[in-house]
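Take this structure first; my questions come after.
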């Protein structure tokens, strides 16, 4: 385990030097953080590969700060299912909850309850609705929605040679992250790339929802092709969707270009064989790692979470920006050149 | 003289088939892309999993039973195949594992329904939960990726035989085999008798419990083996694979004229029903029906199909007791 | 036919009890090849039990059955069939979703090699249908087939098993006269092929026209058996009834009052037409006719179970809306249905609840059903009807048939109806209870209730009714005053064989 | 007086008590006032729908579309509110939509004569589709604060969540009506033997239509509770709840074949399932194990009564009853 982590961290250090503390001994106190904190790490749903990686980073951080971390959550990625587990966290008097919101609204009342019970809540990966930001101390997100959205447009533009029509294969219609990213894609594509357009005219009419389900995502990929035979590129800003798109593109030998956000470990075969030129993603391990630090520091009162304040995780310092959100940084991109390295990490 | 098989087909499957033709024609006229080879492949490949399961489900529905556990079984089996393969086991080992899983689930369902005479809806709802829970416990957050899929299965998913996807061929061959069995083998004919008139079936000495058990066993076995189809189709499997498939499968059967009330229907109808539903889904997109309305239209069409079926089955004129003068 | 010939089937001294009820005791039956043998007896005489023993449904407690000189293996329907006995039940049990060909061969489909031989089955069944003189298409499904045609399929099924003994339980009950003729031809055909045909019927004219021997049962025992030539109707009836009718039918004099029920030109397509009659307070009107002549259908429509499409029903001068039994009930009508278990009772439910189901509104206070009143209602009526039961909380399926029928009567009498319709009120219940039921009906009529009684037992109708209406093939074909009515007249009108 | 007979509902009650008592021993967090509040909140919607579903299943029918109705009712509230209707009127709208959905199901079953199992698979898709048609991909949040506190706060001075009030009132009404009134008797009678019910002057079709409508309305009520509890309306609300409801009703001893069941059993089952889920969560069972336990309990609920029945009939096998 230790060795594995070392290699992981080393690889990460090579490419981004985001997490540098490859030598952190277990149970060593980190200045400004209480030891022995009881921390719950709650994904949208357990049994999902992306969150397994996210949890990996969180567990690393916990070891560094001498906290006891539990990975707990429902089998279905819905708000109501998460609420049951939030209640459990409250009952069991956890100190800290790090959560990826499966529903940006439905869990808010429960988070407020957790807060009232003295639990420090930090959202990571997926935040609650902006209007409910007070339900958590801070949110640790990969990058600003606009940056993720526009980056994906740039990738697809590069792939299709800056001309042609584009469609989006998203997760659930109600997935807040994806909706925010897609909103940012719309105007950016039309203003920056005059020879490109959305297949449905506007971005709203060009989105297909695969519900983060392999079956439905595959069907929707096929639906895009049959509805818009001349589609040049498909952006799928979700790991299940982009994987399904890649598999299906390969199966059909389709000419359409595919890009989006995907785990390198799952996308590797398709990048290696050229089905997909480029996908991107932040490092979920880092995301979990940083979120635990933010939460532990907030609990230890060495970080307020206020806009403008900052906290240190590993060797890097993160600043809280408008809306109470700390960003990890721009997503990495994975191509043939670097996929071999990354696929071993996450 | 008319061929009997043709005649049977005419009774219930033809309206569904006509519906399918109408959907394809309208859609194809509005959007020529629907008529291309890839349009054909979209539908046939897309329907392979549901069609395979619908064939198996027909066995139990004609007996007036139902098996809701198929979605959990097929997902679990797909995962087990990929997992075993990634650990270096050979193709046949993986398939044996899939078959074994299906047989176990089928045997449990069959025993409880046939010998303890418990309602199949409740029993298979329970096994749906239990199998899904075991599956999730074993799979955790792992995802089966393409490199873990046995080569043969991967090949089947990606390739076509003169333009026809192999997976669809698998479903069609299964349909023909089971169709032949259901038509031509005595024990399979008993399933229709059981669903048509249970009391009379007992009266003529049909071994009802044994038949019901075997049918559930067969349905389980096919669902287990169908894990390979699911895996081939998506080249990936994870803890939520196959979630909710059971309702699509039952819907396909019902639309294809396999009546919930038992006794009626063929695997041909079930497969045509599955193709029709798939074609409708594709057509809604191709016709530009807004995404957010597609599910609604699907629901309406499903109810319409059930109503049509009901209409066709009650059209038989009542028996007159008033003599012929 | 020759008595000296070797018997194909011999039943000796058979006895069979269900719970406390002795259904068979000293039942005997001897069948010879190439004869049509009538088995006669009143309802409850034990005919069905005897037939079911032959069919392999029941096992007799004592006695012997030999078939073709060998001991008959009992208790399995499949074994009975394999030994050459085929039974055609009064209500054919076909598989509505299967083709006629498959219905003929169900469970033992013909095979070519290891697969079902459809062409062969079609050909064979077509041959069988031809042999039976009917033109049925073996490739159609059984759903929607007329009862007569269903019977033909059942007979074809019997023939296909190479049965040597073919039992027909009231096969003509639901047939029109044309269809009866066709069936007779079939039966004679079978006779000519050296089969032994057992023919159960209530139509004596048919029996004398068709059968070569007659066996009569009463109270579970065989009371007589002789060639038809040595019998006549009077003799047979005496054997069947065997007791003075008056004790069974304690008819009391009642004063007739106002018209309670008026039925005007009632009709339902395919079921009945032009039904007109009236019933007065205190009057018992018998509705006679063969099973399947439309009597039950008419009373179902009068009570609102089925919607009639022509005519009208008036109760106490008020016109009723068709197809609404609950409104009819409120208006003061009650129907004790034909099929006690399927239509009359909630078998798994308690005696109390069954008795009170029609009375819930009246025993409720502020919408709450008062269980005390419910229990009282049931026990009061239990006393009146001499119901034998342990507690009112017992489910009705623990009661005997007669006591079950009393519960059905209780639930309807409790509503104090102006008009009580009883459909086969004493079917399958023992003689003692039967006379109790009759006494009760008679008494209710005397108290001013109007009663319509549908019954297939002529003595019952003749013993109880003030007036007898006769139906045939969905039409009202005769009306007799109590004094004019004789069994011969009624049967003649009911069968349409008035010349004979 | 009626002799006491030990029924499945008593078994479930004992199971509930054992769960609570043992749960208290196993986990210090379980038998607390706060946790009770959580459990009640957590089961409120399922319990409310289960009340109506019990009637429906006892009468021999089933409704798989209840979760979609719940969600459509919630979506309607959100849609109306977003488009300027007052929140109070929006709630009325949501309830009306629930009722209409139930009437549609009832119409298709009683008037057109379709099998309820098949037809409600269809309306399950239809109603869910309408949720998306109404709300698209934009859930509605920012509901009036004075309303949504009802969703997650306790009744002042007690440990009971506000949803206890409708739950208790509806459960009391449902209990009394099912077991002590004519409507209840009729419901059982129809489930035992619909034909005999018709012959006994019970308006069978009207009753069934009413029961479907009531199930729709109760799903609408659950939709209101759901909307308040999660302070939002979303088109994908309550996905899969129908199986939870049916599992609870069946575990409560209602026979899928109709005619048998008690409301007490169903309520005890809903609470028992909520309690056992809570216990298992609090002793850190995985979510996967919860699925297995749900399935196992459901199986037990049919296997045990059947096993008892078989055992009894073996003991009585010398007793031949007349057909």
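Here the chain labels run A, B, C and D in written order, and each chain numbers its own residues starting at 1.
To be clear about the criterion, a residue touches a chain if its C-beta (ideal position, glycine included) is under 8 Å from a C-beta of that chain, and two chains touch if they have at least 3 such contacts.
Just so you know, these numbers come straight off a predicted model, no measurement behind them.
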item	value
Shared interface partners, meaning chains that touch chain B and chain D	A, C
Longest centre-to-centre distance from chain C, chain (CA-based)	A
Separation of mean Cα positions, chain C and chain B [Å, integer]	44
Cα-centroid distance, chain A relative to chain B, in whole angstrom	36
Overlap residues in chain A, where contacts from two or more other chains coincide	46-47, 75, 173, 207, 209
Junction residues of chain B - those touching two or more other chains	136, 291-292
Multi-partner residues of chain D (each touching 2 or more other chains)	132, 136-137, 286-288, 290-291
Touching pairs - complete list by chain label	A-B, A-D, B-C, B-D, C-D
Complex contacts: residues of chain A adjacent to chain B	46-49, 51-52, 75, 173, 205, 207-209, 213-215, 218-219, 222-227, 229, 243-244, 247, 250-252, 265-266, 268-270
Residues of chain B defined as touching chain D within the complex	66, 112, 116-119, 121-123, 125-134, 136-137, 247, 250-251, 254, 260-261, 291-300, 302-303, 306-307, 310, 314
Chain A contact footprint on chain D (complex, rising order)	29-30, 32, 34-35, 38, 42, 132, 136-139, 141-142, 148, 151-152, 226, 229-232, 234-240, 277-278, 281-282, 284, 286-288, 290-291
Chain A residues within the chain D interface of the complex	46-47, 70, 72-76, 78-80, 83-85, 87-88, 90-93, 103-110, 112-113, 129, 131-132, 172-174, 179, 207, 209
Chain D-facing residues of chain C, complex	18-19, 21, 303, 305, 324-326, 328-330, 335, 337, 342-349, 353, 357-358, 360-361, 364, 367-369, 391, 393, 397, 400-401, 411
